[in-house]
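Think of it as A, B, C and D in the order they're written, each chain with its own count starting at 1.
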Amino acid sequence: MQNRVVVELASVPQNVAVARLLAAMVAAQANFTVAEVDEIKLAVSEAVTNAVIHGYGSQPEHVVRLEVTLFDNRLEVLVEDQGRGIDDIALAMQPAVSSDPDRMGLGFCFMESHMDSLEVESTPGRGTRVRMTKKAGSEHLARATGS
Amino acid sequence: MQNRVVVELASVPQNVAVARLLAAMVAAQANFTVAEVDEIKLAVSEAVTNAVIHGYGSQPEHVVRLEVTLFDNRLEVLVEDQGRGIDDIALAMQPAVSSDPDRMGLGFCFMESHMDSLEVESTPGRGTRVRMTKKAGSEHLARATGS
Amino acid sequence: MTMEHLTVGASLVTRLTGELDLVAAAEFRRLADDLLDRRKVRHLVVNLERVTFLDSSFLGALLGRYKRLRMEGGRMVLVGTPPTVRPTLEAAGIYAILREVPSESEALSGA
Amino acid sequence: MTMEHLTVGASLVTRLTGELDLVAAAEFRRLADDLLDRRKVRHLVVNLERVTFLDSSFLGALLGRYKRLRMEGGRMVLVGTPPTVRPTLEAAGIYAILREVPSESEALSGA
């Protein structure tokens, strides 16, 4: 089964749940396990939250673009904002690094550990684009081969 | 609370559920009752189903556009396809009129009876656009005033 | 949506769960017609107890099977429509033509 | 997400349900800080039994309250983490610093 859903969400906190659910519904159309769908939800939640709070500084009048594509048993998720961007991506992606003292700096870690691949592109002042992929059943494969 | 979600869905049957859920999640952010959210789900289900099966003749490679906007306590839903269009809109909107013998011809009736307003625009060969609105609590109001 | 099927004598009992739209309609139509074609069953008992949503696509599949059964001398009975989906079935006039009973056993023993 | 709160002596018991993200984080932070500011409570008991999802935004709100309580001599205890959200809390090292008990009564009676 192949599917693509592209959604533009107002940058309000409530839409993080909408994004999560949308990704979960598309993933559920393939052979992802319940645990894998939960991992996808977490990764999407982190990426869309970042776009809303970091990208747009929690201002509600902007748009977060989410693209969820299913190629047979591989899911690709794109999360894009046209917000402030990231100066030092390598630094931002490190655990416990956050520009907000009330946050944990675990967002990128969770995206990385719960998906098979993570790519971040960002231009300061222009915006950020996060691309993540996950194969259905990849966990079990990894475990089975001991990798 | 104000919100807008715009989504482009591949014209596959599975995305009718995605559309429904999305509209329900946005509606749930306002003061719609559970019963009203169910009515919105039904109307969206009918409109998106029509786009998929009538507009695009069940071919999966097309795009259905859904726009859900919340203005305080009023929800506006747009469902658009660029499919075959409707020759006679007035006829198509009548109960029990369907171009498919296996269908009931109740889609437009359900949209009309479950929402406060329904407008259909269509150009044969170009596509169809359905616009529906619903106010939170309008049912109770209608009942209370006996209208 | 999930569908659970069992055949009891000449009846197919279908227990439906969740949201019933065009996807469920296609599956229900395919399965019921297949069993009817192969003369495996003659009657349909449709348990709606755990249905949370139902639209005109599923109504169409339901009525389509009803029409077929009537022509072939079979019966169709509904079990346990939840209050949330009842208005949709009522609006389509389903209760004017289909019988509803409170439990599967009554549907199977039934008249 | 829904949050149910009750105060038992000097403890605030918060029962959380559903998905906990930045929206729940803001609500939890606001309520807990308000009660702590007004000296209504000194300890927090967070019941996660019916939580189905939890992300780093909520983790941040949880740890933020924990830090505050530690400075003010209060305690924070978790109750009933479901298996689905446990890995997320573990990854954040929550169990290294927070105590978890099986029931609210133990949390309230507790050490």
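What we mean here is this: contacts are C-beta pairs under 8 Å (C-beta built on N, C-alpha and C of every residue); 3 or more make two chains touch, one makes a residue touch a chain.
A quick note: this is a predicted structure, and the numbers were derived from the prediction, not measured.
Under the contact definition stated at the top, the chains bordering both chain B and chain D are A. Here the spacing of chain A and chain B, counted between their Cα centres, is 29 Å. With centres set at the average Cα position, the gap from chain A to chain C is 41 Å. Mean C-alpha positions place chain C and chain D at a centre distance of 46 Å. In whole angstrom, the spacing between the mean C-alpha positions of chain A and chain D is 26. Contacts with at least two other chains are made by no residue of chain C.
The multi-chain contact residues of chain A, meaning those touching 2 or more other chains, are 14, 17. Going by the touch rule set out above, the chain pairs that meet are A-B, A-D, B-C. Residues 1-10, 12, 14-15, 17-18, 21-22, 25-26, 29, 60 of chain A touch chain B in their complex. Residue ranges on chain B touching chain C, taken from their complex, read 13-14, 16-17, 20, 35, 38, 41-42, 45-46, 49, 52-53, 102-104, 106-107, 109-110, 113.
The touching residues of chain C, when paired with chain B in their complex, are 19, 21-23, 26, 53, 55-57, 59-61, 63-64, 84, 88, 91-92.
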